[in-house]
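The following blocks contain the structures, represented as structure tokens.
The following pair of complexes shares a single chain, chain A, combined with chain B in the former and chain C in the latter.
== the complex of A and B ==
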């Protein structure tokens, strides 16, 4: 059944169809105003699902698509899906609002922008609300494609195209890998439904394909979510218009991988590999992203690496949360908190990162640059933007009283708790997690400070700016203001989210831990007592301030990592070297000479047949069914061999043609003595005509000299031709010796007069028993004649024109 | 008796074809080869006739008629080619 839910998911696609129409027909109004309705209405629609998901569980609606293959568009709204759907539509509405002021009606082709954006929005909704893996994969790839289109929105810029290509290659690589994973899961469980897969997770864990399925799906999730070392596409995707960066590359698309990991946690999380891979890659990404962000000079570059690092943080928490599966209930289960933290931070990150991107867009828009070396002193000129930046950045750095503080505390709690986990070597190497997390948080603090103070504090460098800076119009500020007010509201009242959004989402990630009628306790508050986490945060602030102030002294650290060893360089070199290598490989064997290709063909035929015969033991000699050899046949064989020999060693073309004629006539004689008069007749005529045609060619081809070069002996050619000859001979002998059953010729002999009324058996077969072949051979001759005629006439016509 | 004679004549004809073939291979001039080819054609007619006697069949009557025509046409075509360089002259216009 096609329900309102399905309509809600594909509504953006439907709306996308009308966008160009509106753009062309109503040019006076900015197209974005029409588009704004779509996410806004969807947001309200999805808000209505909150009571359902928090109390009753999931809403399901199946729409059969390819039922015979088990592919149904089954929409499934549970806590996790709803959290993402609200983010997508909510931030989508804000981004559209922002883009109305950001993109000029006059200069930009708005219809393409909004069409791509709506495509992306619909695809993203499809990803998070599909229960069927194949449908999920379909929407997943549409997000890749629409992201590709959006990154290359200013397609006349080379960098945009480079970034778009890079993100496309990497995310599609992951997408394919994910598809493989889904198919593997299907082969284990026999269903594409995620919920049914979760239900049979205990059977999956013990299956041989468990690990391959997990690895391939994780590769998909890691590439999409820009995890180390696949994070390299995200900074280059910053060539997209800023609303796109804010929407796709901070709030939604990069979280698709997170969503996938969260969604499949109940399937895979019992294994230690999952815990180590997800948490390990997450924490590495967290560190590397925050470390790299500090060296950036472009505001969007900083935000890109910061997104990478925050995604790593969320992922590491999700990985650590998997430890909860090793306890049977939620009471006294230390590790459930990690999942809470992951979801909470997921939401928080979307709010503050969205506002920060929009802030950067405003700065770019009003000053003409995003380079922090040219910026400074904007605090008094752009006070509202500065407030947005400060709140967003402080929240990102994890300072109270913003929501980032709460999620960072929860993050530290989960990282400290994991050291107490007693399985999978966690008790020995687990200590790395809090240590790396702490160091990464220090770097997070530093780049957050850079973001605020390098842009807004210090002296104003008027001469470096193209335009006179001024505060942005209110409409542009509206969306980031909404987001930062969310940052503050959630900071002060985090429990608004607890039981409406986070607890139901946790129920979808950790379903097996809940008893009937039970609910996760989500209680987020500022004051935890004087515990380790608080001291860690204080340490982060202290170390961060010290390092920020003394940054000039230690910036040389970044020079230790030369450009040549970076992952970007690896990617570029892989592409370049790959291209050069494949060109070389192609040029090495596809050299345009037909003789080379013939060598490949014949060598392959001979080798394949000989090897098959050898391995299958197919060679048989059985002389029992053979006829005696008469003197006539021997003589004819001598004539045939002699004429072929003449052809091989002659240097005159005419001799060659005559030799060929002799061979042909000899074959006709063979037909005579083997009692085939019809064949003999045809062979004689055809041979004569062919010889005449050869003579014609000989005359008409001007480049060919009258005499041939004497044939030189070439070992390779000799071996191949000998091999082909021997192969065919051996197969002939073998086939003749191993006759499996009686031939059907007895039937023709008996019935050619009785049934068809003809005494000439050959002709009866040709026109009666198997007339179809004859008809098509007539067609072949007709085509050949028409072809020859055309070639001659067209060539002459062409010559006239020249 | 008759069979034996036929066999002997078939062998002789075959030898004669072989000898003609030697001429085709050796040359030395092109007309030599063409003539040898013509001779092979005539010998083939005889050979097919003898073979049809040996096999006691009338199925090959068409074959030696056809061979006669072809040998003639072939020789004429080759001769024309040697003389003029073309087999079928194009109408000059």
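== the complex of A and C ==
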């Protein structure tokens, strides 16, 4: 049944249809105002589901799409889906609001922008609320396509196109891989439903295809969520308009991979490979992202790498949270906390990163540059923007009293706890996790400080700015203000979310741990006692301040990594080399000479047939059915061979044509002595006509020389022609020697007069028994005549070259 | 230089009819002896080719003002038509039948529907041969 829930998921698509109409018909009002209603209403609609999901319930509605293939559009709203749906619609509404002030009504083609944005929103809702994997995949690819369109929104800029192509290639690569994974899962369980797959997770773990399915799906999740080393598309995607970067590349699309990992945790998380892969790639990405962010000079570049790093952090927590599956209950289960932390940070990141992107957009909009080398001293000119930047960045750096501090503490807790896990070598190598996490947090602190102080503190460099800077209009500030207010509110009252959003989402990720009527305890608070995590945070701040102040001294570290060894370079080289290589491969065999293609065809035919014959042992000789050889036959064979020999070695074209005629007449004589008068008659006349036509060509076509080049011996040609000749001869002998059943010619002998009233069996077969063949053969003749006529008569000027 | 082809032309005038008769013989004889539409058609065309050799294209066109493309089309139509004809008698496509009839002068003769089909083949063969030869011959 098609329900209101389905309608809610595809509502953005429906709305997208009307956007161009509104843009054209009502040009006086900014199209964004109409669009704003869609996410706002959807947000309110999804809020209504909170009571259901917080009771561990789920809202489901199935709509059959391709039932015969097990593909149903089954909407499934549980805690995890709802968390994402609220993020998508909530931040979606704020981004639309922001974009109304950001994009000019006069200069930009708003209809395309909002159409793509709504497409993306609908696709994202579909990804997080679909229970069917194929439907999920469908929406997943729509997010890739609409993201491609949004990144290349300013399509006249070369960099936008480059970034769009790069993100497309990488995310679609992952998407295909994910599809393979889904199909593998289907072949294990026989269902595309995620919930049913989770229910049968115990049989999946022991299956041979478990590991391939897991790896292919993880590749999809990692590429989408910009994990190391697939993170390279995200910084280039910053060529998109800032609202797009804020929405797609911080809050929603890049979290699709995280959603997938979280959603399939109950299926895969029991294995050690999952824990190591997800946590390992996450922590590597965390470090590499934060380390690379420090060297950026473009504000959006910093935020892009920062997003990469924070996504890695969330993913590492999800990976560590998988350890919880190895304990039966939730009491005293240290590792459940990691999942809590992951979800909490997921939410927090969306709030502060969204606001930071909007802040950068404002700075860009009001000063004309995003380069931190040109910026500075904006604190007094743009006080509200500065406040937004400070709150967002301090939260990102993990400072109290903002929500980032709380999630970072939880993150450290889970990283410290994992070292106590006694399986999968965690007890030996596990120590790497807290160490790398701490170092990465130091870098996070540094780039957060760069973001605030390089932009807003220091001297104002007026001469480097295109426009005179001033505070942004209030409408533009509204959306980031809402987001930073959330940062503060969640910071002070984190438990607002605990049982409404986070606990139900945890129940979706760790379903097997919950007994009947049980609930996860989520209690987030500031003061943890003087424990390791607090000391780690203090260490981060201390080391971060020191390194930030002394940055000039150690910035040379980045020069140790030459540009040639970067992943971007690898990507570019792969594309370039791939193109060059494929061109070379094509040019090497597709060179336009028919003789080369004939060599391929003949060599392939001979090789395929000979190998088949050899492997099947198909060669047989049986001389029992052979007729005795007469003197006439021997003479004719000698004549035939002689004429062929003359044709092969002559250099005169005339001799060649005559030789061909001799061969043809000899064949006619063969027909005579093998008692085929009709064939002999036809062969004689046809041979005469064709020799006459050859002579005609020979005399009238001026570009043909009278004499041939003398035949040069070419070993390759010799081998191939010999192979073809031998193959055909062997097949002929074998076929003649192995008659499997009697010929049907007895029927024709018996019935040609009785049934068809004719004594000439050949003719009766041609016109009566198998008249259909003859009918089509005369059609062939007619077409040939029409072809010759058109080729000669209808030569239009200039056609000759074609 | 205009050469005098009087021997060739005189011989051709006589031989033409012998060849044409032979081709008609081959055509009608096809059901019981070697021959048939294909060979008959080729033989007729070769008679006309002899005419082309002895005279020239314009003369032959004046003697035989026929568009041989239409002959080809007509032949195809006849061949397909005999196939369609069997539908009128509720038989499958291209069903053939025959029977013996008594004619006043000729006596008892066998008439087969396959002969009509063979007429189609004959016409197509004549049509295409002469179309090709005329087309190539005119192309200077």
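Heads up, the rule we're going with is that the second predicted complex is superposed on the first by the 794 of 802 C-alpha atoms of A that agree within 3 Å, B and C clash if a C-alpha of one lies under 4 Å from a C-alpha of the other, contacts with A are read in each partner's own complex, and residues count from 1 in each chain.
The rule we apply is simple: a residue touches a chain if its C-beta (ideal position, glycine included) is under 8 Å from a C-beta of that chain, and two chains touch if they have at least 3 such contacts.
All of these numbers come straight from a predicted model, not from anything done at the bench.
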item: Partner chain(s) touched by A:608 [first = chain B, second = chain C, both, neither]; value: neither
item: First, second, both or neither for A:782, with chain B first and chain C second; value: second
item: First (chain B), second (chain C), both or neither touched by A:696; value: both
item: Partner chain(s) touched by A:681 [first = chain B, second = chain C, both, neither]; value: both
item: Chain B versus chain C as contact partner of A:621, first or second or both or neither; value: neither
item: Touched partner set for A:665, first chain B, second chain C, both or neither; value: first
item: Contacts of A:648 with chain B and chain C, given as first, second, both or neither; value: neither
item: Residues of chain A that lie at the interface with chain B and also at the interface with chain C; value: 677, 681, 685, 688, 696
item: Residues of chain C touching chain A in the complex; value: 26, 30-39, 42-43, 46, 69, 72-73, 75-76, 79-80, 83, 93-94, 96, 98-99, 110, 112, 114, 117-118, 120-121, 124-125, 127-129, 131-132, 135-136, 139
item: Contact set on chain B toward chain A in their complex; value: 7, 10-11, 14, 17-18, 21, 24-25, 27, 30, 33-34, 37, 40-41, 44, 47-48, 51-52, 55, 57, 59-60, 62-63, 66-67, 70, 73-74, 77-78, 81, 85-87
item: Touch list for chain A against partner chain C, complex; value: 677-678, 681-682, 685-686, 688-689, 693, 696, 700, 756-760, 762-764, 766-768, 771-772, 774-775, 778-779, 781-782, 784-786, 788-789, 792-793
item: Residues of chain A touching chain B in the complex; value: 631-632, 635-636, 638-639, 642-643, 646, 650, 652, 654-655, 658-659, 661-662, 665, 668-669, 672-673, 675, 677, 680-681, 684-685, 688, 691-692, 695-696, 699
